[in-house]
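Letters A, B, C and D name the chains as they come in the text, with residue numbers starting at 1 for each one.
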Amino acid sequence: MAPIGGTPKNKKGILERLDAGEIVIGDGGFVIALEKRGYVKAGPWTPEAALEHPEAVRQLHREFLRAGSNVLQTFTFYASDDKLENRGNYVADKHSGKKVNEAACDIAKEVAQEGDALVAGGVSQTPSYLSSKSEAEVKSIFRKQLEVFTKKNVDFLIAEYFEHVEEAVWAVETLKEAGVPVAATLCIGPEGDMHGILPGECAVKLVNAGASIVGVNCHFDPATSLKTLKLMKEGLAAAKLKAHLMSQPLAFHTPDCGKQGFIDLPEFPFALEPRILSRWDVHKYAREAYNLGVRYIGGCCGFEPYHIRAIAEELAPERGFLPQASEKHGSWGSELSMHTKPWVRARARKEYWENLLPASGRPYCPSLSKPDAWGVTKGDAELIQQKEATSEQQQKELFKRQKFKSSTVA
Amino acid sequence: MAPIGGTPKNKKGILERLDAGEIVIGDGGFVIALEKRGYVKAGPWTPEAALEHPEAVRQLHREFLRAGSNVLQTFTFYASDDKLENRGNYVADKHSGKKVNEAACDIAKEVAQEGDALVAGGVSQTPSYLSSKSEAEVKSIFRKQLEVFTKKNVDFLIAEYFEHVEEAVWAVETLKEAGVPVAATLCIGPEGDMHGILPGECAVKLVNAGASIVGVNCHFDPATSLKTLKLMKEGLAAAKLKAHLMSQPLAFHTPDCGKQGFIDLPEFPFALEPRILSRWDVHKYAREAYNLGVRYIGGCCGFEPYHIRAIAEELAPERGFLPQASEKHGSWGSELSMHTKPWVRARARKEYWENLLPASGRPYCPSLSKPDAWGVTKGDAELIQQKEATSEQQQKELFKRQKFKSSTVA
Amino acid sequence: MAPIGGTPKNKKGILERLDAGEIVIGDGGFVIALEKRGYVKAGPWTPEAALEHPEAVRQLHREFLRAGSNVLQTFTFYASDDKLENRGNYVADKHSGKKVNEAACDIAKEVAQEGDALVAGGVSQTPSYLSSKSEAEVKSIFRKQLEVFTKKNVDFLIAEYFEHVEEAVWAVETLKEAGVPVAATLCIGPEGDMHGILPGECAVKLVNAGASIVGVNCHFDPATSLKTLKLMKEGLAAAKLKAHLMSQPLAFHTPDCGKQGFIDLPEFPFALEPRILSRWDVHKYAREAYNLGVRYIGGCCGFEPYHIRAIAEELAPERGFLPQASEKHGSWGSELSMHTKPWVRARARKEYWENLLPASGRPYCPSLSKPDAWGVTKGDAELIQQKEATSEQQQKELFKRQKFKSSTVA
Amino acid sequence: MAPIGGTPKNKKGILERLDAGEIVIGDGGFVIALEKRGYVKAGPWTPEAALEHPEAVRQLHREFLRAGSNVLQTFTFYASDDKLENRGNYVADKHSGKKVNEAACDIAKEVAQEGDALVAGGVSQTPSYLSSKSEAEVKSIFRKQLEVFTKKNVDFLIAEYFEHVEEAVWAVETLKEAGVPVAATLCIGPEGDMHGILPGECAVKLVNAGASIVGVNCHFDPATSLKTLKLMKEGLAAAKLKAHLMSQPLAFHTPDCGKQGFIDLPEFPFALEPRILSRWDVHKYAREAYNLGVRYIGGCCGFEPYHIRAIAEELAPERGFLPQASEKHGSWGSELSMHTKPWVRARARKEYWENLLPASGRPYCPSLSKPDAWGVTKGDAELIQQKEATSEQQQKELFKRQKFKSSTVA
C-alpha cells in the first residue's frame, strides 16, 4: 500500500475525477453527529452551529477529511429561511439564513485546504414545498442559499434529501443557474418518491433537469439504498442517459422501513443506537456500491468518521492509498495484535470480523419494528407548516394517534 | 428550571462538593470516542493524541464540559512508560511518556477554565503488573505519571481501570504521596476482581489504602456496575468505613458478560454498536445510581457527550440547573414538537421514550453472546507482555483457539 | 353461542357447502404431527403408519374432527408407489402402496362417521416428476392411488403439495376421471412455482384443468400464503374464472423464506420449534383468510388439533356453533379465570393475548435465518431420484456444500 | 446398537433398577399435551379425560412408552377432590375424584403391559394447602387418592409439583403409608421453595420424610432444573443422606424465569410455542443430567413423545438399546439422507444439528420476557381458593394490576 494520504495537489474538479473513473468518497452526517456532541437540536435539525460554535463544526469536517472524505459539504442542511423560522425556530430572526450559510462556507473551505477535498454547497427540501407553496416561491428559497454559495465560490453543488422528485427538479434547475456541476440525491427507497414516482423515472427527471450526478441519500440503510440506486441506474440506461451515481445512505440498519424511511421507525431519532452500522457493515457497503458502478460513495445520518474511514480502507486496493486516519487503524482489526489480552489478539483478522453476528445485549427488545405509516405526505393539510411553535393542544391531538403493542410485562 | 449552566465560581474541591452532598458528574470515555474520530488506535489504546492532535482532545473535553461534566480527567489512560512501549508501540521511543502526560494536563486545564470543572490526573493498570513485576517496580511506573500531575497542579487524582485490587491499592498508595484527594475505581463486576476478591472487600482495601472515593468504572453496563457498587457499599458499611461512591460504567449493554467484562465479549471492540446505550438508558442509570447513594456519576467507554448530558438532565431537578448543551436538547424529547412531520411530533414526550423497546434492525443476529472466557489472568504465562510486536507465529497460535457456533447458513 | 358441535346430519357434499357460502374447515398436518408422536419417519415422510399403527392415525383424525375439521384427508400423502420405494424406502416392497392407501381410506371413513365430516382422498407430488419422467408415467402413478379412492368411495379428491403447476395439472386431469369434485393446492409463495409461473396463472391452469377449488398448502406461513392466494384470486378474476379458494398453510412463522419455502430454511425439519404458531396467530390467520374470501380454511405441517380449534373458534360467530373440543377451551383464554394463581387469572381476556409479543427464551439465537437457496429444481440432474439408499459418498459431497456464519463463540 | 426395544421381561421395581445403576426414563407432560389435543382445560388443568376420553389418554401413554418411557405416571395430576371442585370445576360433582383416579390407573396399567414400564401413582399440590388448611386436612386429601392407588396396586408413588416443601413432606408422609417406594419432586428453582427454603435443605427434608427418590419437575427448563438438582445433591451429601435423583423439567426455554417459574412468564400458558425445546436441546439435557448423576430422567409440561425419544437416543450407548419409536427416527437426523432434496440430505448429521442456532421467525418479538412477579404465595389472602367460579368483578380487579411495556407501534 502506498504512503498514507498524499500531498494536496492542484485540485481536480468533481466531474474531472468521476469522468476519469476515480472513486470519490463523500463525508458523513452532520446533524446527527453534532446533535450527539451537543450542537444541533433534534426536531428542527438546523445548522446554526456553523455560526454559534464554529470550532465544533470545524473539528467534524477535519475528522471526515482525515478519514478520507474527498468532498466537504457545507453545513447548510435545512439552512433555508423558511426552515430557520419554522415552528418557533429562533435562527432566522436572531441570525438570518445568510449568515449561517456564509459561516458554513467559510469553515468548509478552511478545512478543505488541509487536504485534497472539494467543497460542495448544499440545499435540501423546504417547508414551503411541504406547505404546497408555488414553484416560484420554492425556487426563490433555494436561490437565497445559492447566492451565498456563488459568492463563496464553492466547487460544486448538491441538492440532497428530497422526498419528492418534483421539488428536487426545482432545486436542480435553480442550482444550475450558478454554472458549476450539480449533484442531486433523493431520500427515497425502491418504492419511489412520496408521490409514487419510481426511482428509475426520478433519476431521468433529475438528469433532464441538469444534474450530472444522481443518487440517494439518507432515510434507508446501505442495502436498501443500493437497491434503489440499481433501479435508478436501470432507468437511466433505458432512457439512454448518462450520469454518475452517488450513494450516501444511513449508518443505521433499516430492513423494516416502509416508503417513508427511518423517520417512520418508532426509534427515530433518539433510540436508533442498536441499529448503528459497525465498520464491517460499511466495508460490505463500500464494496457493493463499487460493484454496482457507484463512484461517489459517502454516508448520511449516523455515519461517523470511522465509518467513512472504512469506505476508504475497503477501497484502498482500487485507489492505491489509505486515508490519514488509518495511521490509527489497522486493516480488518490487525492492530488488535497489540492488545494485552491473548483472546483479544486472536480477533486481529478479517475472517473473525467478517463473519461475526453481533449481539444487541438487549434480550427484551425485538429485532424489527413496525413503521408508523400515518400515510401523510405533501398536499395533506397535516403537512402545512407554521411559524409559531406547535401548541400544547396540537401536541395532545397527535399523542392520541399513537398506538402500541405490548411486548412484556414491565 | 434555573438558567442553563451558570457562571464559573470560585471552584470548590472534589471533597468539598461531595461532603456537601452535591452531585458530581464525571466525563465519558476518551479512547473509544477518539478511536471513532480517528485519533486513537484500538489494541494499544494509548493517548498520544494529546501530543499529536491536541485540537481533537480539546474538542472532546469541551463537549463533555458543555454536556455537564464537573470533572475533566486528563487524557492519560494507559500513559505509563511500560504501556507506551508494549508490543511494538512507538510512543515511548518517539515522544516519551512524560510529554504525553504533560500535554494531556495542559489541555484539560485549559478547557476546565471554560466552566466549573475540576481536573483529575489519572493512572490505570500496567503491563508490568500483568507481567508479575514487583510492587516496587509497579509503583515506580505510577510515580512517573504522578510527577507530571504534581507539577501541573491537578485538582485531584484517580486510579482507575484496575482488574486486580492489589495493583489498585499500590496505585492509591503511590498517588497518596501527592497530598491531594484520591479516587479509585476497579473494572470489576459483582463476582469481584480477577483474583476472586469480592467487591465489598475490594472497597475496604481501597479505603484503607487512602482512597476517599471508591467505585467501579468500565467493563460492565450500568445495571451490572450498580450491583457491584451496592456490594461495595455494603462492604464498607460492614467495616464501618466511610467513602464516597463513584460510578463510571460502559455505555454498552452487557447482560451477558462474565467476570472478565466486555473485553471478553466477541463484539469487543469493533462490533459493539448494537449494544450502545440510548440517552433514555442513561436517564435510568443516573436515577438508579442516585437512589443507591452514588454522588460521583459519570461514564466510561461508549459514553459520548449526549450520554453525559442525559445524566445532567435526569438529575437537573436535584441540582437546580441544566448543562450548557441542553440549549440544544429538550427534556425527554420535547424538541420534537418542532419537527415537520406530525408522527414525529407525536414522540415529543417522556411516556413515549421511556417505554419504547428499540429494535436492532438485525434480525439475523442474536441478542446475547457467550463470552470467550479463556480464563487467563495475572500470574498466567500468557499474560507476560513484550516490547516486540506480536509475531505472526504468535498470532497463528491464538487463532487456533477460537471456536464458533453457527447461526445461519451464509 | 349455539350448543357445541351438532348432530351429524345427512352430509352435504363439499361443493354444496361451499356454493352455499358455508365455511369449510380443513384438518392439520399429519406427517409432522405423527413424526413427533413416533409413527412417521422424517426424510421419506411416507404414511405407512396407516397400516402399521392404525390406532395412532385414527386418534389424530379424531382430534381434528373434535377440533372442528369438516374434512378428513386420507393419510395418503406421498403414498405413491415411486415414493414408497425411493432412496431405500421399504414400504413398497414390504406392504405395497395399494394396502397403505386402502388402510388410510378405511380409517378416515370410520372416524368421519363420528361427526359431520367429509373424506377426501389425496395425492401429492411424485419423485417421478422430479426425475423428469413423462406425463403418461406420472399420471399412471396418480391413477393407482385413484383406483383405491374410487373403490373406497371417498367424498372428493385433493391434489396437494405441488411445487410445479405442470405436475398439479396432470394430477387434476387424472383425478377428474373419477367424477367427484377435485381441489388442488400448490406449495408455492407469491413468487410462483419452481418454474417461475406466477400464482395467478397457476390458478387459471388448475381451474382450466378441472379443479373446482384451488389454493395453496404447506411451505409458507399464513401471512405469506394469503398473499399468494390474493394473487390467485386476482388471476382468476382477470381470466373471468370462478373457483372456491382453499388455504392450508404451515403453522410455522416463515417471513424469511424464499421461493422454495420452509424446506430451504436451516431449521427444517428438526429445529422449527421456535417458529410454531400460537393459537392467537391462528385466530388472526382465520380472520384474514375469511376476509379475503377464502372459505376452505385449514392447515398443513405444524397444525395441531388446537390450531384447527382456533380457526373454528375465531369463525364461530359466522358459523353459529363451536367445535366439540371447545368444551375444553374458553374463548380467548377465558378458562384461565379458573386458575389458582391471581396473576394467571388476570390473563383471561382477549386484549391480553391479542397484544402479547411472545419471547423465544433463546437469546443466543437470531430471529430470522437465511434460506439455503441452492437453486436446484425439476430438470436438474441433482433432483433425479434413486431406489437405492443415498450412499456415504453421496452424502459427503453434500456436506461439503454447506456454509455457515458464526454468531457467537461456543 | 442392539435390536430396538426388547421383550418385556419380568419387570424389576423402580428401586431395583436405580440401585443397579440403570437409567430410568420418565414420561412427558400430560396436561399440556392433552390440552393441545383437545381433552384438557387450561386453567383448572384437571384430568377428567381419563374418564371422559380414555382413548386419548391411552394413546398418549402408548406414545411415551414407544418413545422409551420406563414409567407411566397415572393421569391423576390435580385429581384431588378439592381441586376437582375449585372455582366452578364440575368434575367432583359430576364424576367424583375417586372415579377419575380409578380410570387413570386402569389405563396406565393396560398400556404398561405393552412394554417394560412401571406404573406410578401420582399426587400433587392442593388448593387446600394454598388456602392454609391444616396438615390433617391436606393429608386426608392425599389419602383419598392413595386409597385408589393401593386398590389398583400401582408399582410406586410420586409426589410431584409442589411449590412448598412443607406440603411435599406431608404428601410423602401420607404416601409412605402404602408401603411402596415414594419419589418426590418439587417445582422449584435454584432460589428454593416459595417459603425461601433452599434446594439442598428441601432435599434433606424429603428424604427424611421417607422419599427414596428426590428431585425437581416442571416450572423451569432443563438447564435451570439441573442447577437446582446440583444444589439438592450437594445438600444431601452434606447431610450424609442417600437418595436417587430425578429430573422432569419443562420442554420450554425459561432463562428469564424468577422464583415462581414459568407460570409467571407472560406467555404462560397460551403463547409458549417459541420456547419449545427441539429434540437437540433434549439430547443436551439428557447428557448433562446423566453427567450430574441423575438416573431418573424424564420431562414435564411441553415434553412430547419425540422429546422422550431424544432422551432414550442420547443415552442409548449407555443403555445398549433404542426405543421402539426409533424405528421411525435416525440418530441425529440420519434419516434425512432419504429426502428428495439434496440440500436437506446435507443436514443428515450430528454436526449440523448440534451447532444450529434456530431462528424464531418472529422478528417483532423479544427473546426474553419479564416475569409477572406479583409476589403472592401461600399464606396470602389472594391465594385462598373458592368453590364458586371467579366472578366478573374479581376478574376486573385482576385486570387492573397488569402492566405492559410497549415494543412497537401496532
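The criterion applied here is as follows: contacts are C-beta pairs under 8 Å (C-beta built on N, C-alpha and C of every residue); 3 or more make two chains touch, one makes a residue touch a chain.
Which chain is which protein? Per UniProt: A, B, C, D = Betaine--homocysteine S-methyltransferase 1.
Keep in mind that this is a model prediction, so the values were computed, not measured.
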Inset, instruction - Farthest from chain C by Cα centre, which chain is it? Let me know. - result: B
Legend entry - C-D compared against B-C, more contacting pairs: C-D
Legend entry - Averaged-CA centre spacing for the pair chain D and chain C, given as whole angstrom: 31
Inset, instruction - Please work out the Cα centroid separation of chain B and chain C, and write it as a whole number of Å. - result: 57
Legend entry - chain B, residues touching no fewer than two other chains: 256, 266, 355-357, 359, 363-369, 372, 402, 404-408, 410
Inset, instruction - Using the touch definition up top, name the residues of chain C that touch chain B in the complex. - result: 256, 266, 363-372, 402-410
Legend entry - chain D - residues contacting chain C, complex: 35-44, 55-56, 59, 62-63, 66-67, 86-89, 127, 130, 221, 252-256, 263-280, 304-306, 309, 324-325, 328-330, 333, 335-349, 352-353, 355-369, 372, 374, 376, 382-383, 385, 389-390, 394-395, 398-399, 401-402, 404, 407-408, 410
Inset, instruction - Show which residues of chain A lie in contact with chain C when the two form their complex. - result: 355-357, 359, 363-364, 366-368, 405-408
